[in-house]
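Once you scroll down, you'll see the structures, which are given as structure tokens.
Below, subunit A partners subunit B and then partners subunit C, in two separate complexes.
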Partner chain A sequence: MSVLRPLDKLPGLNMATILLVGVEDALLQQLADSMLKEDCASEMRVHLAKSLPLPSNVNRPRIDLVVFVINLHSKYSLQNVEKSLCHLDAGFFLGKVCFLATGAGQDSHCSIHRNTVRKLAHTYRSPLLFCDLEVDGFRASMAQRLVRMLQICAGHVPGVSALNLLSLLRSPESPPLEEL
Partner chain B sequence: MSPQKRVKNSQAQKRTSQGRDTFQTSLSAWKVKEKPSDSNIWKQNNPVEAHEHVDDEAEDILQIAVGYFEKGPIKTSRSKDKILEKHLKTVENVAWKNGLAPEAIDILLNVALSGKFGTAVNTRILKCMIPTTLVSEESVVKAISWLCVGKCSGNTKVLFYRWLVAMFDFIDQKEQINLLYGFFFASLQDDALCPYVCHLLYLLTKKDNVKPFRVRKLLDLQAKMGMQPHLQALLSLYKFFAPTLISVSLPIRKKIYFKNSKDLWDSAVLAVRLRNHGPFSEPLKLTLSPADLHPLKRKWNSHSVIPRLNSGNYAKGQGKKEMSLSDHLSCNRSLPLEQLQSFPLLLKNIHCLELPSQMGSVLNNSLLLHYINCVRDESLLLRLYHWLSQILQEECIWYKVNDYEHGKEFTNFLDTVIRAECFLQEGFYSCEAFLYKSIPLWDGLCCRSQFLQLVSWIPFSSFSEVKPLLFDHLAQLFFTSTIYFKCSVLQSLKELLQNWLLWLSMDVHMKPTMSSPL
Partner chain C sequence: MGRAREMDETLAEFIRRTIFKIPMATMMTVLETWGFLSESQLQSLNFKQRKESLVHNLLLLCEENHASINDVALLDIVYIQVHRHQKMWNVFHMSKGPDEDVDIFDMEEFKSLFKKILHRALKNVTVSFRDAQENAVWIRIAWGTQHKKPNQYQPTYVVYHSQTPFAFASSSRLKSTVPLLGQALTVASKHHQIVQMDLRSRHLDSLKAIVFKQFNQTFENHNSTTPLQERSLGVDINMDSRIIHENTIEKERVRRVTQETFGVCPQPQLEFAQYKLETKFKGDLYGGILAKREEPLRCLIKFSSPHLLEALKSLAPAGIADAPLSPLLTCIPNKAMNYFKIRDK
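Let's look at the complex of A and B:
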């Protein structure tokens, strides 16, 4: 069982690699396309995977940011992500992991409560982003956001490291929001 | 010309169809065939011929269909089913595409409620009863008179009331319908009709409709049926108009009173509103003296969801009715809102102002905003907040994932709300709740300036309360966005701070002896 480690390999020159993990093939593909359309000073690589562990025979560059995509409409998606989290080295959780929950806009279709993913993100000390990936506009702005995060995690933004960003993005122990 | 002919036609039908004489159908068939010649004359006056020709043909088919329904069922062979189906389809197509003219609605309503055809046909007719622009009051009154005869089934009655509630805004006047208040009230007895009649009464009630015997009746019904939300709604409304009559305590923060019984016609209603008001134009500036208030020709603010200002009491004629001495003595006469033109007039009439049945319409009217600011009435604000939170929830575009085109409308609506907040110099509770609920889902781009302006109007509260609800999510967006977004956020936070300081400084002036909370 190979565990993905953050500092296994040497970084490529001006290269930033992001790994999107999730069962929703179509959504991941669309998100990857949106990201590749964005302007990025570094050379951006997007890898897609259904789950971890990744096959070890492939030669791949060092991964700078892992995004776990959870579809709130499907419990299987959450289970898959939870299983994959075990195959990630603890070093990743210092700012190089992010959770992305999709489908929150349609409350009636959600089979996973938002607080479940919030607790998951809180357990792993990583930021949680919400975005309805099916809508073009929202997907495009999320792609922009991920590109910026990727640049920071790859170390291409002087003065800000992944851990810095994590401490800014993470909210401390906050109670779940009850119905107002 | 032709509408009059058709009305007379229907009158003739009513008189002679009492005897169910099938021979008179040939007369009306002849009359219906006459229509094409009328439309030919009409066609000649119009320069655009090709388009009109198609329209005329569609008109003809519709008129034939309507004429068929008017005639009543012909007791002949099974082929009538096919013809019936064909005509029904025609009516439905026209209704859903362009809406039906008021005269057609008149005839079809009578047909549906008089029970000439079966329940299935009546249901289909009622479901497609969509007006082009408005529904005339007389047709509604005539339809209601059919309810007394009892020829239609219970389900048809329920559907009719649901239709009435859905199309309530499009009925041109409501005076006569208000006179029928007692009839509607009596229908509350029927368990099946009760929720829908309650909804209708909720829309229809005015101060003088609230009488002690009605209150007693409602309380009896409540004792019989238990605490039903629709009865509660009506009781709360009565309590608002006449608080002395009701001593029962009612829960005030109730979210939804009535089930959404008008969902059958939601898209149609939206289409009619768009037809009435035209596509959205630039938002008007709120001025102290609202411009021309003629109800029919008013050019509305962009969003079609904000209801039209309608006091319901507006007299048809332009001249004032003669006031009798008793009217002068009693202060019961209330100023219809359409006549409220200027600030001095507001001041003179502030004690007898009749509020609109749809609280949302105050958002467009600066004088009414002044009014609700001064009047210390909880229920007024509650009604407004309730409507506002419902609309924000329903129309928010990042909830309606498939309706991204509504973005512009929603943006305009938010602009209106923000202008109202600016005018009153304080934030609405519903907006605050909406912000806290929707900021985790916000992508930072959609309606950005409106959203950030709403942030700057959040009422003053302690930092530890606001931080997890607002600032943490805002921080997430802040640190991963462009520099422009960061500047906009800083700007709106600056404005928020300014508003808080202003609020606190006013507070300090008012209570100089108390120590400030800071």
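Let's look at the complex of A and C:
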């Protein structure tokens, strides 16, 4: 089993690569499409994967940001993410990982409590974003946000690093997670 | 001339109620298929008027043609043939004894025997037959008792395909009639035994496809596999070179496994599958009270969807479940069952 490492490759010239991990292919595909519609000075690559580890026989560019997509309606999608997390090098968690929970809008369909994903994100010290990816407008703004984060993580924004961003994203107002 | 003298009031009421439940959209088709009214009589009707007046005019025409209970029962059969989804259909499977020969089947003999058995048992019963395509006969039975006239408003509809061991009957509130119906069917079709299968649906044609194994035949006959394959993937293959699918091999496996289990043809339409679990609690995840219980943990799981089998088929390609799915879910068409009871071995 190969562990995915953040800095084992040299970056491509002006390249920014994001990896979306989640079981629902159609959702990932739509999110990827929305991201590519955004204006971006860097040359963007979107990799879609159902789970980690990734097949090792392929030559892929350096991955700058990993997004785990969890559908709150499906425990299967959470389990898949939890399993995948073991195949990621610890170095990624210095700002190059984020969790994206979708489906919170339809509360009655949720089979995963929001606090469960909050705890997960807290355990891995990574930001958690909520967004209903099935709503076009929400998805577009989330795509925009991810593109900005990707540019920072790829080092294309002068003066801000991934670690920098991570500490900025940690909001002081949210209740301490130990209480959840 | 007053109608009371011309026609029995109960018959008139039967006609009125039968016509009244036919929706305006299908009224013309149903009446034409019925074939009781002449072409000129049908043309004299004004379908733009209110339904009440139309029903009244139709009643007068039926009177003119001296309609009998059986004529109206035939109209009811035509109506049910057009609106078969309104009924919940059960499937009965009949079998012959080991040493019984294949008899030559005669439809007229079947009908008269069937009628005779019910008449002998109940005295008051209306049995009507209407031949349909594919050697099928539609039977309508309005049940009565020894002392009571048949109730025309809670009939049972039965579809029997000659020379097959299967019969389809609509669910009825009169549960007591099921054994008698089974008896009449076995004797008339010269079978030995009859059992009700654990298969129910509103879609009569899908039930037929399942028990006659027709959905596999379409798979062999038609070679239009490509569009279905693409559709079964759930998403179009993206042409944008900036999007890279990492798990193409896995995806191909899921697609292949799904195709192996479900085939490429459209699935028969069922609305639900029900699993009754009477198994002991296993696993130590929650431990304690549940794990130590001696009695089985009873629960009922019901999957429902407007098109259950297609929904199951798309679970794995959509990434909602692992492929292959549990055999309990995929065996529905092969076992011809959608009611299951699961016990510990």
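Throughout what follows, the second predicted complex is superposed on the first by the 170 of 180 C-alpha atoms of A that agree within 3 Å, B and C clash if a C-alpha of one lies under 4 Å from a C-alpha of the other, contacts with A are read in each partner's own complex, and residues count from 1 in each chain.
Here, a contact is a pair of C-beta atoms (placed from the backbone, for glycine too) under 8 Å apart; a residue touches a chain by one contact, two chains touch by 3 or more.
The shown structure was predicted, so the numbers you read here are calculated from the model rather than taken from an experiment.
In the superposition on chain A, contact of A:E24 is made with subunit C only, not with subunit B.
In the superposed pair of complexes, A:P127 makes contact with subunit B only, with no contact to subunit C. Contacts of A:L169 after superposition: subunit B is touched, whereas subunit C is not reached. By the touch criterion defined above, A:V157 lies against neither subunit B nor subunit C after alignment on the C-alpha atoms of chain A. In the superposed model, A:Q106 makes contact with subunit B only, not with subunit C.
Looking at the shared chain after the overlay, A:V3 reaches neither subunit B nor subunit C.
Contacts of A:M142 after superposition: subunit B is touched, whereas subunit C is not reached. Once the two complexes are overlaid on chain A, none of the subunit A residues touched by subunit B in the first is touched by subunit C in the second. Note for the complex: subunit A touches subunit B at residues 104-107, 114, 127, 129-132, 134-138, 141-142, 144-145, 148-149, 165, 168-169, 171, 174-175, 177, 180. Subunit A contributes residues 19, 22-26, 29, 32-33, 36, 44-51, 54-55, 58, 60, 74, 76-77 to its touches with subunit C in the complex. Subunit B meets subunit A in the complex at residues 398-401, 404, 433, 436-437, 440-441, 443-446, 468-469, 472-473, 475-476, 479-482. Residue ranges on subunit C touching subunit A, taken from their complex, read 234-235, 238, 240, 242-247, 249-251, 317-322.
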